[in-house]
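Order of writing sets the chain letters: A, B and C. Residues in each chain are counted from 1.
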Amino acid sequence: MKYSYYPGCAQHGTAVDYRMSVEAVFRRLGIELEEIKNWNCCGALHVDDMTTRVALSARTLAAGKGLDVATPCNLCYSNLMRANTALEDTSLKNRVNGALASKYDGDAKPKHLLEVIVKDMGLPKLSEHVKHQLKIKAVPYYGCLLTRPENKFDSPENPKSLDNLILALGAEPVKYYYKTKCCGGPILITNEGLALELAKDLLVMAKETGADCMVVTCPMCHLQLDAKQKAVEAKFNIKIDMPIIYFTQLMGLAMGIAPKELGLDKHLVPTDKFIAKAGR
Amino acid sequence: MQKENIVPESRDNAFRDLIIKTPGGRNIPTCMQCGICAGSCPVNHEMDYTPRELVRMIQLGLKKEVLSSNTIWICTTCFSCSVRCPRGIYPTELMETLKPIAMSEGIRNRNAKFDNVFADVIKKNGRASEFLLISKYSISEPGMIKQAPFGLALFSKGKLPLSIDKMEDVRELDAIFKLGEKSVDKEAKESTVAKESKETAPERSPKENEGQEAEK
Amino acid sequence: MSEPKKTGVYLCRCGGNISDAVDLQSVADSLKGENVVVNIQDYLCSSAGQDKIKSDIEKGKIDRVVIGSCSPKLHLETFRGMVKEAGVNPNLLEITNIREQASWVHDKDGKDSVNSKVKGLIKGAVARMDSIEPLVPLEKKLVDRTLVVGGGIAGITTSLEIADEHEVILIEKQPYLGGHMIGLSKTFPTLDCSQCILTPKMVAVHNHPGIIMHTQTEVADVSGSPGDYSITLKHSPRYVDIEKCISCGACTRKCPTGAIFLPFAQAVPQAYMIDMSKCDHCGACVKICPRDAVNLEAKEETSTISVGAVAIATGFEPIDPSFIEEYNYPSPNILTAVEFEDMLSAKSKTGMRLQKADGTFPDRVAFVLCAGSRDFTGKGRKHCSKVCCIYSQKQAQLVKKMKGDAEAWIFYIDMRSAGRRFEEFYHHTQEKGVNYVRGKVAEIIPKQDGTLTVQYEDTNLGRKGREIFDMVVLCPALIPSSGTKELADKLGVQLGDDGFIEEKHVKLDPVNTLNQAAFAAGCVLGPKDIHDSVTEGISAAHKVSQFLGKGMILIPPEKPMILECNGCGDCVKACPYNALALEGRKAVLSLLACTGCGICVPACPIKGIEIRNFTRNQLKAQLKAMLAEAPGVVVFIDPYAYAAADIAGVNRKQYSSLVRFVSLPSIHILDADVVNAAFEYGATGVMLIEGTTDEKLTLSSDELYKRLKKDTRKHKKPLRYSHIETAQYEKLTDLLNVFASQAGAKAEKRSRKEKEEGTQEGIAEAT
């Protein structure tokens, strides 16, 4: 299996731990991620002109060169998916292609890494790589942009793919009604108070389930829930202490990869107790 | 907040028609004001108008209130409203449509400032380094200094590299960003054209005309 | 008739509905030179309009009539009745539909194009009228018996109202009568008890000598024709003989698994039944039964009945709201309104107590309206389910009645309490202290303690709200009960795009269907309350009685004529209804078995068969006159698809004015002769649109299309086939638009090419 790989900006910064775990896990699974040369930012949610934003993603998709374009980031994924939909409008497509060095014909398939694992490779195949059944309870948290607005890969309100992945690793996905609610990430810089309020709701509800960790699929969610957890605790005067684990890190633990190789020491919420409980 | 009466002069039908024709404005005429958008919105309480009210204001063409509302900048883009709307309206995309129009009308907002910084960083480097973003934004937002300990915590974990992440060749993006300038211009132009035509050929009631003539 | 034929053409302005879009005077002027009398009226259907036609006939001015007006569905029978009185054969009057299929649907194309279309259609109709022959409808004896499908309040009412005059067979899918109504607690707006008013009716059905009732029974197959159906019924086993069981209950007391039970105390029929999924075949019930009524070996059975008419009263079912994922149904304490009613009804399993999953009374109950209704995204249903606003208020009142300090909240979008006594009911519910919130509930989140968080916007205040409830009742979209489509297809009855049965006329013929022997009542025609279901039951019964009372059914006389026969038997093989047979080396037609589909016409290798009044020459004459006015796209259309075009008209769905419908009893009548003629006379394209769901015909449609395509290839003009059910009128207009523009583009290309070739030839000649 081989994909064009679009890491997104966070992989070179705040999501270094995500990057480490992706590399460690995908190498062992034998899935080749060929990084797109000279890739550009997708514009996240902050390039307000939609034509520009579509064009930024179109350039990435054109660089896929016939392979499916895999990405680890919910934001990038949603921008790529939305660009494809927007480009069904031929006049927009012509305009966008006018600004691209290599033209995009609209037929590349963007895929989130979770989709690559759950749908393309399949969970039975993953089970073959599992060395330790993780005897923990985990909150499956998808965030908003993995399944919205282009809900082609899983349900927009009640997705199941991450639940199933957690199950395949021997862990128990808890019932979590907030699995696709907004974490506040996009407004972290501009409206921190509100962003923390949203993160708090998610963390408190996650805590209530009695889970050992929260599993995420997006660097933005991770930043919000892990790096900002302390700020949430301080602002609302509560104790959360909930490890936020990338799904690739969880896979890595089950596959017997050393926590350090997965970047688990780079979290701001300590992960050692969790790692111990997970049987490592 | 002072609320203005809705009178013919405050309604801009050309603005309404322009928005309805964009992809983000599709199905707006069929809104039945059920409020599932606002009920689904995680940040509704910070908005001066709820998404439902914003859609209503577009139905009426209340251009000034729509564009100066903070609603479009508060939205976190989570799309909850859009997937639930029973009429197929996409309030999230509507907000995205309104942002550049508001900016081109000279309406400023703190969030707009961050978006500008973000776009600049990408224009120059092709990629968004968190360090660069935050430091640039801090110049215009002194309150950001409070984030210093947070930055330090990230830095200590190796998550905030000071080196700037750059594309090998960023020139390829020039043409892409030109697209944006053009389309903002275009929408702004259409919008002013609409305004002008309204001013030159006002849809006044006969009664008003009478009044004016009497004044003369 | 020895005198020369003279046709009167009467055009209707329809109070502007037609004349605003069509210049009728210019249409009339264009007929100068033809041997016709032309007249324009404001309303042809009015007595003044009809009198004009009648007096023209009586004065001997005309002896044939072409009418340009609304769809023949509306007034054909009226007009034909009128000319019959005036002494003209009804067949010699035909209607050209210039409203639903012209003035209402070509707004965008400009008046000239519409005028030219109407001129063509009328000229075609005049040409056709010149050549058709007077026919006398065939009569067939009706079977004086009705099948009523569905034993809810609509079916019960229909049966009781018919049964004094005509025999009724009533079938019901469930093991008992009563439908949804028996599962209701109190009924609005009077709050009288549902079973108290329904039980006497159910008993009356059971005891009526004119009604044979079968429960656990469905329609398996329909054959025959309107007025004379042979219907196969499928009976699921009950394992207890209804006739023998005396409801003594001995069996239940002996049963170790609880598999044998009486559905509920007042159930009709009063008989026990077995749930085989629970039975372990111990035989205790068989031994104990004093009447020998239990038979564990019972199997599904079928029976065949003969009926003249069918009344469809199969009702509704609630949509399964689990597709609305943000509502998290099913979860403990989130129920549908139907489940809520069940709990408090005769069928109650909680002793008619309202209770939560833990058995306690819910102190805070929310009612969520429009769960899956008024949704235009394709996820839910477009229609308003009509009764929810009122029944949810009734349910809220019940909550308050059972516990005064309990809270009941109703979340609504628009409180629709239209009609007599309902606004008062709304007002009364408000007085009872029920809390109304204007806002569609955004999400319902179950909490670990069994309570439910409901999030919404109070749209009157523009503020988001969050409340905790003990119970949430979803008011789901009401949809036609499962199996409606299958039954409708078997009976040749059309459905709307919402899945409900399409009335013959939405306002004027509300319980008739397009099948003259099939009638409908109750929620299968759309969500409605008990009052309206009863009204429709009575109406349907009246229509059934009227239909059966005639004793005879008129069969359209447009049947095959066998003009020449070499005894090859190809037509016999082709006929899917076994209406043709070889007798003494000649094909012979059984008029009563024949449906007039015309499939035998192209089957005959020597072109010896023609359908009366749809002969090849008659169709060609019509096409020639029609296309001489202006070229267009000829669309051959069967009556079912024609009905779709009418619905498109009623909904003002626009399409190209190049479209010229030619109405046929079925598209299978066509052969290459007629299609080639259409091309020769100037059609830029030909479409065959079929709407019938009769598989006996549609299975050979593909073959027909391929054959025609091959045999008309020389014209190099587009030919297309499409199947459009009556409900799919939007698909129809889309297709027409696409095809018309393709045909137009092709024609233009061809004419350019011909021009070029023409000049080249000219040059060649010159040199």
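As a convention for this text, a residue touches a chain if its C-beta (ideal position, glycine included) is under 8 Å from a C-beta of that chain, and two chains touch if they have at least 3 such contacts.
Owing to the predicted nature of the structure, the values given are computational and were not obtained by experimental measurement.
Quick one: most central chain, C-alpha centroids?
C
Using mean Cα positions as chain centres, tell me which chain lies farthest from chain A.
Measuring from the centre of chain A, the most distant chain centre belongs to C.
Just curious, how far off is chain B from chain A if you go by their C-alpha centres, in Å?
That gives a centre separation of 27 Å.
Mind checking the centre-to-centre distance between chain B and chain C? Centres are C-alpha means, answer in whole Å.
Result: the chain centres lie 48 Å from each other.
Could you pull out the residues of chain A that touch at least 2 other chains?
156-157
Enumerate the residues of chain B that touch no fewer than two other chains.
80
Could you check chain C for residues that touch two or more other chains and list them?
Touching at least two other chains: 326.
Which residues of chain A touch chain C in the complex?
So the residues of chain A touching chain C come out as 155-158, 177, 208.
Enumerate the contact residues on chain C facing chain B in the complex.
The contact residues of chain C facing chain B are 326, 370, 374-377, 379-380, 413-414, 438-443, 455-459, 462-465.
So in the complex, which bits of chain C are touching chain A?
325-326, 328, 445-446, 448
What residues on chain B touch chain C, complex-wise?
27, 30, 32-41, 44-45, 49-50, 52-53, 80, 84-88
Quick one: in the complex, what on chain A touches chain B?
9-10, 12-17, 37-41, 43-52, 55-56, 59, 86, 89, 95-96, 98-101, 144-145, 148-149, 151, 156-157, 180-182, 184-187, 189-191, 194, 198, 227-228, 230-231, 266-268
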